[in-house]
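The letters A, B, C and D name the chains in turn, as written, and every chain counts its residues from 1.
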Amino acid sequence: MDFSSDNVAGAAPQIARVLAEAADGPAPAYGADPWTELLSNRLRDVFEAEVEVFPVLTGTAANALALWQLVPPYGAVFCHEDSHVNTDECGAPEMFTGGAKLVALPGAGAKLRPDTLQPAIRRVGYRKVHRVRPAAVSLTQATECGTVYTPDEIGAVAEVCRRHGLTLHMDGARFANAVASLGCAPADVTWRAGVDVLSLGATKSGAWAAEAVVFLRPGLSADFAERRKRAGHLLSKMRFVSAQLLAWLEDDLWRRHAAHANAMARRLGDGLAALPGVEIPDPVEANMVFPVLPTPLRDGLRAAGFVFHDWPSERDGTVRLVTSFQTRPEDVEEFLNAAREVANAS
Amino acid sequence: MDFSSDNVAGAAPQIARVLAEAADGPAPAYGADPWTELLSNRLRDVFEAEVEVFPVLTGTAANALALWQLVPPYGAVFCHEDSHVNTDECGAPEMFTGGAKLVALPGAGAKLRPDTLQPAIRRVGYRKVHRVRPAAVSLTQATECGTVYTPDEIGAVAEVCRRHGLTLHMDGARFANAVASLGCAPADVTWRAGVDVLSLGATKSGAWAAEAVVFLRPGLSADFAERRKRAGHLLSKMRFVSAQLLAWLEDDLWRRHAAHANAMARRLGDGLAALPGVEIPDPVEANMVFPVLPTPLRDGLRAAGFVFHDWPSERDGTVRLVTSFQTRPEDVEEFLNAAREVANAS
Amino acid sequence: MDFSSDNVAGAAPQIARVLAEAADGPAPAYGADPWTELLSNRLRDVFEAEVEVFPVLTGTAANALALWQLVPPYGAVFCHEDSHVNTDECGAPEMFTGGAKLVALPGAGAKLRPDTLQPAIRRVGYRKVHRVRPAAVSLTQATECGTVYTPDEIGAVAEVCRRHGLTLHMDGARFANAVASLGCAPADVTWRAGVDVLSLGATKSGAWAAEAVVFLRPGLSADFAERRKRAGHLLSKMRFVSAQLLAWLEDDLWRRHAAHANAMARRLGDGLAALPGVEIPDPVEANMVFPVLPTPLRDGLRAAGFVFHDWPSERDGTVRLVTSFQTRPEDVEEFLNAAREVANAS
Amino acid sequence: MDFSSDNVAGAAPQIARVLAEAADGPAPAYGADPWTELLSNRLRDVFEAEVEVFPVLTGTAANALALWQLVPPYGAVFCHEDSHVNTDECGAPEMFTGGAKLVALPGAGAKLRPDTLQPAIRRVGYRKVHRVRPAAVSLTQATECGTVYTPDEIGAVAEVCRRHGLTLHMDGARFANAVASLGCAPADVTWRAGVDVLSLGATKSGAWAAEAVVFLRPGLSADFAERRKRAGHLLSKMRFVSAQLLAWLEDDLWRRHAAHANAMARRLGDGLAALPGVEIPDPVEANMVFPVLPTPLRDGLRAAGFVFHDWPSERDGTVRLVTSFQTRPEDVEEFLNAAREVANAS
């Protein structure tokens, strides 16, 4: 059983069906098709705003292109040191921006906070032409350690951005999980809280490969079409990405997927926390658990066939467990039973 | 009826079916899945060589990443002035390579030929550190004007490359159409003729979005994995691209699709050539026809609801007609009947 | 005797003297010194306008940074196929712009003309997001083959730029020679004719290393300071560049140098043109002559110790002879006498 | 009196003289001149090795081009968080490398140490294709806070590099000060300790604008000439940079300048440390002092006309005082007298 990532899951049957239907007959290429238009309208409803939508294929592309849009080559992006843009995109943001600098900041729960962000912006902005120019902040919702920013926490970061003239980007690879966790409207944790651009990810919760860059304020997306094309991310048969996103949004499938995955993670977390010697430093608010496991437990679970990653952390023994829309309650039970067995034996 | 591009077609049912099957259950992410391994083996059979295969999502990505692999930032790529890399990728090759120069050369039938290529390489290589360094040649098979390079023509270009130490890239967005047209083995127009890297395209002939960079010589692909990741083209659920390519190759679907599209184009070409005032300067060897149409004929066809692009050319009145695996003989007949009617009326 | 380039000359004693004087004592770094301020004022007088001035060290830097300022990464720069930016900067414009495309156009006398420029802009601008966006034109004054644009010729190019929303850059590595040749005001061949940004070169006419990017219209130079710094072209002891430029402008030294070099070239050209078998296809309007020499003459002159470059051209036997502020009339006489001797002997 | 930087100093008369002499008569362009050849030989003597030398004009250019040489676009450079490459080059290393990542590490005395470096390399190298690849380490000698690495300290960093396959770059903008401080041979703190490439700076200690990238191991400099040209840093009249460096090395002028500036800084430091309320956290080993000054003292000194920068630091009240080859003992005395006066008065 594989808890290594929500990327190991397949795709939802609802999405597969819509894709198969979209395969028939001709449609205008490069995004002039009816699916893509529908998607824009649909997302305007979801976000209660005149958003502008650009589907792409990967989260790395969504993030890097969004940052390229916001930041000049001599600009700086402030992000958490554990953020995906900083650690898992092989430098894509640096490449597309023409060499902007990612300023990596610490923060508990993988969150950026005003009291570290503000002095960092001041420090970088200190010597004008000699330093790169503070230009944007990027935060991840849900975060890379499975926590979720509240609207107030986002608002506090946005306030720092406003004060210094920076734009605010949100990496929403697990945006659905955050929204499901908070039980709020998508607008509440995006534009209402001060977010300018969102990388909205569907791949991790049921699509095959579908993300979208969503501009939440008018006037921010000039020339983004050129950037996407130049990056090789303008699909000729765009309908096949837009159709996935439409199916994902249909009947709240996205929220239901996310709520399910979150519940599975919570159950995993609760079960593990009850075992002797196990600690879970951060609250389990989305679809990931980062327990610190005693070595025998970790080894025993792997010997029993469970797959998960060790995770770099200050706490030795930290591992990452990820659930998805495909994780079944019996998978979780099986894992927890095995854990209890190993714990009792040792 | 839409003859504007092979991109307006949908996807083949065989491919849609395989994709739906691949959606079930977990699989390792980022290309460690069984589909991707199978694909590599399958393409080794197809090309009769130990090729290395990297699936990506768009032809622009395949071309630009392949050229990035072959060319230093201070390098030059020689290509035809009408080639897709030069005119239709919004400068993607220039971006990914870090600013390499595309040297655009003329040539009848959209083909590069030794007698223009060789002096161009000499001219650029003339002043060492002051000029960019000749590094690669890129040719398109089938070409952007619907002709096809013979193995000998490719071999002649490759010979110039060898003499000057350049590598040879082939943009094979319509590689299937070329192979079907020549009736040769894929190896005959690639590595046996001296091609080093191929951008192999399935999207234009039945996939929803599936291309592959195929390295035809050992030792050429070092660090390509990093480049693809950094460009945002490493899919987490890679199986969904590999599965498309597998289905496309299965039972020679790719060749059958291409042969059909080629036949439809030939029929279109033959029918149009028989009309008064119509000229077709280049032979129709793949799935595109570029006739020069008298204005009344062009206008009449559009008035009758047929969709096609005007095409920039020395000959005023040139249009482009593209057929695909979905083009039906009755579509062609309908078009030709309409053309005959307009021609007789005017 | 070396006629290979105006770069082989040393530096003018007036400039060396001013530099030595500037060496004494402290001055604010990075361009906040009095020399740099004086230079700005001085150039406002010279150009009769509120120009903005950024000294740099090389012509390649001046051109590439100026184009970076004018062109987005997905932009196109139209230039002559023999222009320095296209052939002699090892792709610096492509690098700094983040991969913009230089569209190289033919033209007699190394000049861009509206009738080739206009259709080229249309061709590139044809397919919006798929092609790079026409953004700037760059012309060289004096040109790379020693001719000089008249104010009217520049105005005609500028008119095309205006019509299509492009900016106009002038590579003025030999701007002094052009101004001296035309006997006009610097404003007449720059902003009055529609030029937006000038790379003003002093190195080739007497400085040791001093160029300046001169913005001729307000509002064009935003963030240029960051670009220059980031490129490593912001000198800490900026006074040493500004002082060179001040000395070069003082007492019309720049015009006197240029007029002298032009006169030497004309004398060379006249002398050579009188010899049997020698042709000089382009008029000698600046400090360069490009004669087509019979092989024995070319070989004989080299055997006699004269140094000059063969020049790639449609005409076999073309060589380049360059004069400078240091070329003496007796150097020219010596060369011509040797030429006459060889010509008579063969 | 200006203690804000060694960049506010002028140039040494010995250097001005040599430059004026070099101005006379022709010499081959682009580095083929005799001065540049002499310089290479001279630096081989100085470094007791077959070094390869590339003069450039600024320290930012030297560092950024050196790192471009060592690091792929998807590479990581480990450096101190206060290093010039990280904070004072407006992202030049990121631009030239094509977007490599600078991983900024803490460390007392602005020094990198194995116990922070090693885990950082492991962390970045952890997830292969997803993260940038550890490729080089850059350290600054003397450091940005005026301390000096001993040969053993450098050797320990180099040992970590060797173990992980990284190259080692040294930013030697104040290399002369470090060598003078240690009283060692240049080789002892460079290649003998494991450094691969040195940015050797002369500008801060008496030249007008002269730096050199010095490759300390054979085989490292391939294509560096193209990179320098493409960056706009290949001077046509290269002799004028090489001549500066020759004069700077002649008769140990460089070491004498540096020893003098170091002595002036030490005297400044000793004098300030004796005042009540003044602390100097780091040892004064080169030509910079970073005292923490009580506010009245800081204000009083400025009121008395002394110029110096506040410096960002954990300790409020930190300022930076820099001495140069032009700083006179009486300047230091004047400063210290004023300081004593203010201290006594408050």
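Convention: contacts are C-beta pairs under 8 Å (C-beta built on N, C-alpha and C of every residue); 3 or more make two chains touch, one makes a residue touch a chain.
Per UniProt, the chains are A, B, C, D = L-threonine aldolase.
Computed from a prediction, not measured in an experiment: that's the story for all the values here.
Ranked by separation of Cα centres from chain B (L-threonine aldolase), the top chain is D.
Just one of C-D, B-D or B-C has an interface built like that of A-D, with over half of its contact pairs in common by residue number: B-C. Averaged C-alpha coordinates put the centre of chain A (L-threonine aldolase) at 51 Å from the centre of chain C (L-threonine aldolase). Centroids built from CA atoms put chain B (L-threonine aldolase) at 34 Å from chain A (L-threonine aldolase).
Note on chain placement: the centre of chain B (L-threonine aldolase) and the centre of chain C (L-threonine aldolase) lie 41 Å apart, centres being C-alpha means. Touching of two or more other chains is recorded for residues 30, 73-74, 89-91, 95, 98, 129-130, 226, 229-230, 234 of chain D (L-threonine aldolase).
The touching residues of chain C (L-threonine aldolase), counted against chain A (L-threonine aldolase) in their complex, run 30, 72-74, 98, 129-130, 133, 223, 225-227, 229-230, 234. Considering their complex, residues 73-74, 87-91, 94-102, 104, 123, 126-127, 129-132, 312 of chain D (L-threonine aldolase) touch chain A (L-threonine aldolase).
Interface of chain C (L-threonine aldolase) with chain D (L-threonine aldolase) (complex): residues 2, 4-5, 7-13, 15-17, 19-20, 22-30, 56-62, 64-65, 89-92, 95, 203-204, 208-209, 226, 229-237, 240-241, 326.
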